[in-house]
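Before anything else, here's the structure in question.
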Amino acid sequence: MSDADAAVGPLREAVAVALDEDLGVLGDLTSQAIIPEAAIGTGHFVARQQGVLAGTQAVDEVYRQLDPAVTVTWRLQDGDPVAAGHELGRVFGGMRSILSGERTALNFLCHLAGVATLTRAFVQAAGGGVRVLDTRKTLPGLRALEKAAVRAGGGHNHRASLSDALLIKDNHLVALGIEKSVQAASDRWPGRTVEVECERPEQVAEAVEVGAGIVMLDNMTPAQVKKCVSLVRKSSRPGVLVEVSGRVTLETVAAYAAAGPDLISTSAITQSAPALDLGLDVEGEG
Amino acid sequence: MSDADAAVGPLREAVAVALDEDLGVLGDLTSQAIIPEAAIGTGHFVARQQGVLAGTQAVDEVYRQLDPAVTVTWRLQDGDPVAAGHELGRVFGGMRSILSGERTALNFLCHLAGVATLTRAFVQAAGGGVRVLDTRKTLPGLRALEKAAVRAGGGHNHRASLSDALLIKDNHLVALGIEKSVQAASDRWPGRTVEVECERPEQVAEAVEVGAGIVMLDNMTPAQVKKCVSLVRKSSRPGVLVEVSGRVTLETVAAYAAAGPDLISTSAITQSAPALDLGLDVEGEG
Amino acid sequence: MSDADAAVGPLREAVAVALDEDLGVLGDLTSQAIIPEAAIGTGHFVARQQGVLAGTQAVDEVYRQLDPAVTVTWRLQDGDPVAAGHELGRVFGGMRSILSGERTALNFLCHLAGVATLTRAFVQAAGGGVRVLDTRKTLPGLRALEKAAVRAGGGHNHRASLSDALLIKDNHLVALGIEKSVQAASDRWPGRTVEVECERPEQVAEAVEVGAGIVMLDNMTPAQVKKCVSLVRKSSRPGVLVEVSGRVTLETVAAYAAAGPDLISTSAITQSAPALDLGLDVEGEG
Amino acid sequence: MSDADAAVGPLREAVAVALDEDLGVLGDLTSQAIIPEAAIGTGHFVARQQGVLAGTQAVDEVYRQLDPAVTVTWRLQDGDPVAAGHELGRVFGGMRSILSGERTALNFLCHLAGVATLTRAFVQAAGGGVRVLDTRKTLPGLRALEKAAVRAGGGHNHRASLSDALLIKDNHLVALGIEKSVQAASDRWPGRTVEVECERPEQVAEAVEVGAGIVMLDNMTPAQVKKCVSLVRKSSRPGVLVEVSGRVTLETVAAYAAAGPDLISTSAITQSAPALDLGLDVEGEG
Amino acid sequence: MSDADAAVGPLREAVAVALDEDLGVLGDLTSQAIIPEAAIGTGHFVARQQGVLAGTQAVDEVYRQLDPAVTVTWRLQDGDPVAAGHELGRVFGGMRSILSGERTALNFLCHLAGVATLTRAFVQAAGGGVRVLDTRKTLPGLRALEKAAVRAGGGHNHRASLSDALLIKDNHLVALGIEKSVQAASDRWPGRTVEVECERPEQVAEAVEVGAGIVMLDNMTPAQVKKCVSLVRKSSRPGVLVEVSGRVTLETVAAYAAAGPDLISTSAITQSAPALDLGLDVEGEG
Amino acid sequence: MSDADAAVGPLREAVAVALDEDLGVLGDLTSQAIIPEAAIGTGHFVARQQGVLAGTQAVDEVYRQLDPAVTVTWRLQDGDPVAAGHELGRVFGGMRSILSGERTALNFLCHLAGVATLTRAFVQAAGGGVRVLDTRKTLPGLRALEKAAVRAGGGHNHRASLSDALLIKDNHLVALGIEKSVQAASDRWPGRTVEVECERPEQVAEAVEVGAGIVMLDNMTPAQVKKCVSLVRKSSRPGVLVEVSGRVTLETVAAYAAAGPDLISTSAITQSAPALDLGLDVEGEG
């Protein structure tokens, strides 16, 4: 299991659904009609654009489910940089199988490499002193795979689901206010970090005071962030993390990073990452 | 059933998987801890950006699966233009349910509206004489929903799967050449349109000659497209359609459209559409 | 992948469901009680009746899911003729596994070989100048496998689902009439063949005129078919196919074929094909 | 729950799979293109042939899953005789939904009514003194529904799976012989009826002697059956049932029944029942 | 297939669900962070308490689904006695995989060994003349595995589901009384043993008289049981079995057994069996 | 949504699987044979033993899936104490449906109420100053429901899966030691509490020093716990929680609680909770 592997359950389900939607009831009409049953070939996964590789595990699973006689081997692995023209890996076996799985395999690979590529761009733009995090703004059904691709790109994962960490937002605060909300959260789920979304410095101060483990600064300017960071660092509770969220772009991330937070989260890397242009060059046996 | 509805099976499965990945084993920790069990509220789906609405059916399904006591009503429907600040619809019911479903609902809505919005941009840039089509380059598990969003944006759907139409590409041609490939396809699957991917005018001529119903011009310049279109229109076989594919962008689509093809297909609208910025403003009962 | 293979998704699901319904909660009570755990044996799939083989892929999958240590080998393959007494293939391995999978394996094999056998009978009765097609009148859950068996029997597949081709029937015509319906269909789904069901020659003429790619002659006599075929062949639009449908039986198919259509479709081959009598002769290790 | 209802789990799964295979990724292309979104209509399920109704529960479930706004009502119920021209029931609602579900609904209805019709024919031919049973030779995935249809036709259900009753066949007997096999079965699964397949009168005598609850006479002539029945009736163990199996046809069933067995089982009623010709006549709102 | 194996369908589904609930979206956070990707190790399944082994098949399946490169080997098999300190088996492979599957594997193993252990305690306490049976009071989703564990412990399986045997209880008797109920059951499901739950000797007499194959004595004292057993043994219908049910505990089972019934059933062995204390001792490669 | 509700996905799946395993292919043989189709009745859920209610949501779901015409109403809710003889709630509707769902409904109810009951016993024995937590030692497939039942009983939930919190155990420590392990965990998953399992006071001191948020004291005596608690409380890092785990029983929990930890976790409440004795008393309509 590599650091960029997704959990097996979501991986298998996502691949099975994707194959079903592409193969339908009759399978690959064109290959059945034109490619001889016994034809053998090799497909080369090739980058047509610079970026970061991710999703190789999904390609393996596509061919494993489609035709176990097909073999997939990789020259590069998830997280490796790729340049236009690079061969990433190969698929070898029955030509019909290679072609029938091509689009499904590439749909995973191009999307997940796109996620890793954009993540790395954010990480590099942010510089070394801060961590870039994803969010729960992921594409439905692909969260486990996208979060693995974020790791491949050098990012870190924020909570994976509503079931795994406490994040108190404005909608929650309406009911009880910060102090009582943090207390209620700690009481109900002892031992879990409580994060509080803050829009103003006073909220930051209060959140730190009453026990938040992370304060999320929402839609602030870098200057405001800087002020809040300083406020947190001076508080009597050590170890509280500061997260910047909202309106962070490739252009602004360096400025936010310079303001000194621990974490910067962005939905762009999962929800709006353009596909990386990767292709499969196929050749038959001579 | 509206024109922009997805088939029920893929819709239900996609929503069930998305809820599972966001609710995990324990559900929404934060809402359980902070929001009173009996609290009732209203959430307003609001556009924070201009675009085209799509995905309302998925939001309905999210709340139907999560809590049938919650009601969702829409002021606008799929395909309608939205402007920043517009209210799109409302969700009313138990506050915990509204908040627990918020992210899953928005993940569908923002992605699918993003697809519809980019589709409409292509359609408008292309002008009226050509149809904009999607491809099979969709995000795994979301094909049925993305193709419905393309329709909402004014685009048309290319084939839905390998099982539903014949598209002969370079990898297939290696084996038999154009004439024999088209014949083999027609023989094996009589009555289905055969499309042939062409990279040179001679291929176009041959494809039309031997019975292709659509010729796909791959990676050509607008000038090359124009030449091929003229070639097809002058052929003895009426009704053959010309599709342009590859390298079509929002900037170049008008030039391609001016070259006179019937269809322009692009993977960008499904595979690389940025999420539309939509949110849910929640208010509790007074 | 052979021409008679079904897509992997439907195959695996159908086999898993079938094993579940036959093995229930406790598995094979009788074998557990009587057959020693370590007993090894060989089962011979034998034809007890003349026909055409199909469904071997399903048998492979039954034993693969039930017990990967069991091996299945075939002397004949899908589409081959079989005669009473012929051995078709063998299953070797643990006796309990062989017996526990016997009925599920045979249920697939006998039904699918029945489909292939009846298909071939239609194909032979029709003679060489016409293609025999299946329909969407298939047994629920078995469409992908039955359509593969039709191919094994020498038939061709009509559309696989509502999602993959346009067929305008009387119920659709009520709304718009032939011309507007064909136009609406072509507009909505450009590049797809539009088929129109016709009950009278005037409808045939109109359908061809307005762009139908296939005319389906429903419940006509061979004489009426002949007249319509001639009408289509004389039209200004070349390449329009004529399909005969409804009331075609093994007795009448030759007469219909003689009338000159391109395609004859029949639901009998999937919906009413009697099972082919095939059995498994089992012998234990000496 | 009626006597002819199938268990809900298998029913829901079979319907979901069937809808998925017919609606694919894009749904009903033709209805989307031609039928106005708001059109309302009524469909009349009509018999085009004489027979016995079954499968209404599956039709209800098809429309419940497809579109809960559609209502289905029945004039007749499972088990009722139908004659050509009879209206069986109605479906009312959105025209697109009615048409999109038509084929899936009819595929269940025609097959299951076909099973019920053939079952009733066997029951009537057999006369009153014997019960007609189905077998495990059912179509994969449809066992629960077919067995319910057998009940609708007046037949009875033999065991539903390998997990629910003991039936010792020739393959089992090889290992231990009748006496030890029956004993092993009773020991392992106390309280369950043990049935033994017999090919000769001596086996019948032994099976009854050693505790079989049912003897199955396999491939015997009516005269042989008569002799074995008499042998069983004269034995010292009262209540042992005699089942006739193998080679029973509509033509021979009366002769077998006259030989006095308790049960006659046949695979024909599930595995080889032709579809009953039923249709849906649709009319739009005026 | 061993006597203590569960049917493959329920086994695979139970393991897949269990892995999904333990691995969630991100998998094993701790192992990913701390264990090197390439680390190899061995885990030793060790008993920390005396009991009976069961559930090895589930452990195999956990690692097969999680990581096929991991191998599991057993020194003991289901049904074998284990003592504190005994090594039961080993798992070898990638350390991350071993640790990620540890809890899921142990959750099956400890529960199923707990079932087998308590079953054996009942069997031994009951002595040799009677069979100990389980009931349908099993933990949801685990019936097939628990019933296999009961067999591993030396017990026998009562019916597996409502679909597989007739058991007439007080709620059923209200409608028709014993005689008509037994007759209705035999008529509807010929050849299946009919069991009748009795609370008083008169009911026992009537049940035997009218054809019950098993009488279940519910909540009687050993003395009452003895009286009823004698009543059944003296009846004119041989072979009727007597089952004792309700309030049977490890303390009372011997007294009930001494009263002479054929079968004693208890829900305790599945519904209230404490987990057996088994652990996994892991060591890395040197 | 109540505090004791489980997430909908796991709930629906668990109920669907449980109904399938109890209804099999033929459904409830006995009720079909004996209970008239039209019979209506009421079932009263009644406690036969003192305890705490949990699992009502599962009962609702059982009847919702089985027969939506059946209504379930509750007099008490999850978390309420129940005494022998108390009516908990009612189910009203078709008698066949009530009886067909009875066992599945009770299997959930008795197990989950058993979990809640044992949890409350631990909570009460521990006294007020400490929280009682569950573990990941749950029954496969039932984790979400069992953790909800723990909340109903007044307990708290430890992590729900490997994917949601960091718990460094001895097996992990082998690789890196405490300091580097905690650092690696914090680096990889910033913002998540890191828990460290400690067997000796020195480990406790080191864990607190290097940033653990929780120290788990494994298999210590109350005296050892007291010493470690004091060590943690005196450390320079405030807010570190102490969890006691291993060998905690109803008898010893008070002694452990007196030693002053924040949290006491026990697997007994999920893995070894005896079913609570609850039943369904059914009466037909007069």
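Descriptive notes on the structure:
A, B, C, D, E and F label the chains in the order they appear, each numbered from 1.
The criterion applied here is as follows: a residue touches a chain if its C-beta (ideal position, glycine included) is under 8 Å from a C-beta of that chain, and two chains touch if they have at least 3 such contacts.
Computed from a prediction, not measured in an experiment: that's the story for all the values here.
Shared contact partners of subunit E and subunit F, listed by label, are A, B, C, D. Counting the residue numbers that touch the partner chain, subunit C and subunit E have less than half of them in common.
If you match contact pairs by residue number, over half of those in E-F turn up again in just one of A-F, C-D or A-D, and that pair is C-D. The chain pair with more C-beta contacts between its two chains, of A-C and C-D, is C-D. Subunit C and subunit F, compared by their mean Cα positions, are separated by 51 Å. Subunit D and subunit F have centres, each the mean of its CA atoms, that are 43 Å apart. Rounded to whole angstrom units, the spacing between the C-alpha centres of subunit D and subunit E is 32.
For subunit B, residues touching at least two other chains, in rising order: 7, 10, 21, 23-27, 31-32, 100, 143-144, 157, 160-161, 163-165, 188-189, 192. If the chains shown are joined wherever they touch, the resulting network links each chain directly to all the rest. Put simply, subunit D touches subunit E in their complex at residues 7, 131, 133, 156-158, 160-161, 163-165, 188-193, 195, 211, 213-214, 237-239, 241, 243, 262-263. If you check the complex, the residues on subunit F that touch subunit B are 1-3, 5-10, 143-144, 147, 157, 160-161, 163-164.
Of all residues in subunit B, those touching subunit A in their complex are 10, 13-15, 17-18, 21-36, 39, 58, 99-100, 103-104, 106-108, 110-111, 114, 136-144, 160-169, 171-172, 174-176, 181, 184-185, 187-189, 192, 267-268, 271-272, 274-275, 282-284.
Touching subunit F in their complex are the following residues of subunit C: 21, 24-25. Against subunit C, in their complex, subunit A makes its touches with residues 16, 19-20, 23-27, 31-32, 37, 65-67, 94, 96-97, 100.
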